[in-house]
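First chain A sits with chain B, and in the next complex the same chain sits with chain C.
So, the complex of A and B:
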């Protein structure tokens, strides 16, 4: 376009820049300051208080374990969904719509959905009872069954969060030119070779987006955990919430927030480095 | 010749059997994954409509016995539910309006102009995606208390806009890129001003995509739990309300709340399903 009025694009982005500056950059700086200061002077007292808290180590461990358990399963499931749906002609739209339903479901609702299945008189116990595997109602979500509680939360997270990975990956798969696969087929590459050598490298940008988004979201896990396990399963965001709301200690809550930011940022950088993508194709 | 006929006759059913067993595998996989998504929603609906007795039936069958709308209506009549529902709608409305009003012009600028700082702007937007944004609600409580925005729907709407705005800017960029530049230029030739050309030519063509973006902004706000819970005390959104009453409410109320959270967003996702892949295809590129 003509450059007679070079200020036009700036005028157009100005409102959003001002908004993000006020409500993203400023609070970000505030959070960091709140976390590393005490009575207006730089101090590590909050970090110390956070680290020595009884739930700290458990919440770090739980959050990491959950992320490590959930994200790979989601990527694998999404890849399976993408390859399956590519082979379908009629009915494709309907199948994709059904698979994207969880995209609209909040983590709190997802927790409540799985609560209806996993609670003591719920459907899982009914099924196991019907099959003769358990004799009486088993409890899965109490602090006495940490492994079952962990699996329950992981399943609920996988159920809810796979949709977004699937959408990104299917969009990525749609951009892989058909000719590449056909050529590989002519040269005798089997389905597995084609998948590993052709498809995966070509959808790398989509994979990267999906991994970054899902990992950051996994570190933010909160309401699913709250709905299923209450406070039996401490996670980082949950601790931040408790420090803010129950203990009214904004500084320690901020320390948790900063920790989550650092972890998320580190994960993002690792993905950006590990899965090098042509900078042109970044979002 | 006879042997030939025999061997082909023997081959064909075998090959067909191989193909159909692969198809069978494919479709059972698809069916299993569809069930994986749908069955839990069906079960929570049973929990929501089965009421107090429904929760304690043992063992459960998974069949809709003793269903009625009454438990759900009773849940709606619980103090605070309708108000929090309206609060959620209000916060989502503010989020939609602000993220489109602020995000769409930015998307248009990114799609149509080359300017210094474009990459920095993109970086700012990208950066927001790498942070757990809801966490920003913590320091904002302090500022919001000072500004009188604490415990208001506007305050919740503002923080939800931080979540939805970067998304809106990226997505509308893709939508405006999809509107041919030539149409706009033709309008200028015929004497339209830039602004006229935008509203007469570009806006109508981009409208469906913008509506889809708005729906996504709505769903983002509707589903957000953490910021809404931290920033409100009395004027809670539905998610924040459910979170705070979670431990003391009976099971069937929790299921009713879950169902109530799910229904609107499922309807909305259905309405914009056509745009889902276009949108994420663009913003994940």
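So, the complex of A and C:
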């Protein structure tokens, strides 16, 4: 029956392909053309404008620093949280539910939450002042305190983005058969050995998805940084936004967008290569 | 029965399609955007002019929307309210209806001709009708006055006195107490274009990299030692003022109004400081215009006439703090905060050393990049401490290219130019 009509699957995916082509591929091509053209002719002027801008080097550096600082912490935290809930019997759902609350909050709202904590008149200063640790309001988020600003943004990002990693990793952990662990225990493997030799290799596909997702999202970080750092901490997407919205130069904004896409694609390829997943384990 | 049903369906369909034609005059504005102000416009200012749909739009989106409607040839907007500089690219594309009859009528009822001429945007016909005006001033908490340097008059400050004032306040309180709106949505670029450059160099574009400018930047660096580092996060100065984060601030009057109106007895409002070339100041004019192809031109004209009536203009002043474009006397029972702001505006306009700096004209959609030249210079010189001369040379080249690309002629206080305004 199916063999006689081989076109049926194609027909079924046609609407989504058409949808993607219309709303994803067309704007993508337009953006790329916008980035590499000037007055309708191919040109690298926009890329040059982007690279020579005073915030370019800083935004690249900040974005990479943030990614390098945030992603490993998130993966480690999510692994720890996932392993912890695996041991919990009653109340496991409640704990998971509470841990995933940040998932339901928009980026900007998360940034504003942390802003209310860290700004001059915020909760942290009030608390420190109340305890007599500081004599007057300290500012944590200004251009004069780059380390504190970086830490604040990293903490806010970790708080906001760990939940999604945890969800993926918990799903991966759930798929690890109990028998393997029991067998290892019988042969006398300690908790660390079991974790390194059994759990980690078996959740590799989940780890790969989580890493790709988080890294790509980390390169696209914007709203949290915008809320906390404003102009003080330029990142790539923030610069794209500024060029588009404030400077009204869509071509340079498109150049940034293309650069972010290239970096994200490269990161994804690296993860796909580095964390090879056996074909039979792919979904 | 069947006939009645099909008639009913037909009738409701016709009504459904016909209703947009009967519907409201769509009024898109980049001004009076905050929800409280928009509510005042909807519920009070536009109460008696029939059904008007007041829609607010951020300036960049406004430009995109108008351009999209022009390209599509499908117009929904009948009336626009925007700043002089935001209307000028629309006029450059010949997309605004000439409003000469309306202008004649308003001139007869007391709108100053000089202001009306501004609405021509350098063309032979009236492009927009001046709607309301504002400017930028400084505000200080009264308790800051005790730290004023000896002999300084707060209404006639110069930069040296402001620096000394800042130092006194910092010494007394342990913290920098001056604030500027240098955040992502702050209007700091206008400070450079309307206040800093005219005060120190007597120009805006021509004098961008002059020796006077370099001296001015050195002065600003000295001042910045007493400016709170949080300034690069401030968008509106009313919040840090009322939160007690700063005692002295510079900003647009509409962005100071909430703090001052809430506690008029706590503040003094005064002109920005003067530099060696005088006291730069930038009047801001918002105008009303009708796009070509407007679906409800008559309704739009009615709204313009209504908003230009003396009563409406006074109501606007007391509710949102933008001042009339008509020659009307502000009533004595005006909101105390608005009265304070009005006093500072008058003091600025009346000061003998005032140097008027107009909003940039002729830059089209490059206004953002023009602002960026000043903000980048500020970031490099003041925040990153790069050598002044190098930065001014590099940014001056960017500015010169921008002027050449847009072919924008000089505007006051720069001397007039044939062709693009040169960076000397």
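We take it that the second predicted complex is superposed on the first by the 269 of 283 C-alpha atoms of A that agree within 3 Å, B and C clash if a C-alpha of one lies under 4 Å from a C-alpha of the other, contacts with A are read in each partner's own complex, and residues count from 1 in each chain.
Operating definition for what follows: a contact is a pair of C-beta atoms (placed from the backbone, for glycine too) under 8 Å apart; a residue touches a chain by one contact, two chains touch by 3 or more.
Nothing here was measured: the structure is a model prediction, and the numbers come from that model.
Asker: Please indicate which partner A:12 is in contact with in the superposed arrangement: first for chain B, second for chain C, both, or neither.
Answerer: Touch partner of A:12: chain B, not chain C.
Asker: With both complexes superposed on chain A, which partner does A:247 reach: first (chain B), second (chain C), both or neither?
Answerer: Second partner only, chain C.
Asker: Let me test your reading of the model: by the given contact rule, A:98 touches which partner, first (chain B), second (chain C), both or neither?
Answerer: Only chain B is touched by A:98; chain C is not.
Asker: Could you say whether A:232 touches chain B, chain C, both of them, or neither, answering first, second, both or neither?
Answerer: After superposing on A, A:232 lies in contact with chain C but is clear of chain B.
Asker: I'd like to know which partner A:106 touches here: chain B for first, chain C for second, both or neither.
Answerer: A:106 sits against chain B, while chain C stays out of touch.
Asker: A:139 in the overlay: touching chain B, chain C, both, or neither? Say first, second, both or neither.
Answerer: second
Asker: Which holds for A:37: it touches chain B only (first), chain C only (second), both, or neither?
Answerer: neither
Asker: Residues of chain A touched by chain B versus by chain C: which partner has the larger set?
Answerer: Counted on chain A, the partner with more touching residues turns out to be B.
Asker: Hey, what residues of chain A end up touching chain B and chain C alike?
Answerer: On chain A, the overlap between the chain B and chain C contacts is residues 121, 137, 226, 230, 244-245.
Asker: Would you pull the chain A residues touching chain C in the complex into a rising list?
Answerer: 54, 120-121, 136-137, 139, 141-145, 226, 229-232, 242, 244-249
Asker: Quick one: in the complex, what on chain A touches chain B?
Answerer: 1, 6, 8-10, 12-13, 15-17, 19-20, 23-24, 27-28, 30-31, 34, 77, 80-81, 84-85, 87-88, 93, 95-109, 111-117, 119, 121-123, 125-126, 129-130, 137, 159, 164, 167-168, 170-172, 174-175, 205-206, 209-210, 212-213, 216, 219-220, 222-223, 226-227, 230, 237, 240-241, 244-245, 250, 253-254, 257, 260-261, 264-265, 268, 281-283
Asker: Could you please specify the touching residues of chain B with respect to chain A in the complex?
Answerer: 26, 29-30, 33-34, 36-38, 40-41, 43-44, 46-47, 55-62, 98, 101-103, 105-106, 108-110, 112-113, 115, 117-118, 121-122, 124, 126, 128-136, 138-143, 158-159, 161-162, 165-166, 169-170, 181, 194, 219, 222-226, 229-230, 239, 242-243, 246-247, 251, 254-255, 257-258, 261-262, 265-266, 268-270, 273, 276-278, 280-281, 283-285
Asker: Please name which positions on chain C make contact with chain A in the complex.
Answerer: Those in contact with chain A are residues 60, 63, 174-175, 182-184, 228-230, 232-233, 243-245, 365-369, 371-372, 376, 379-380, 383.
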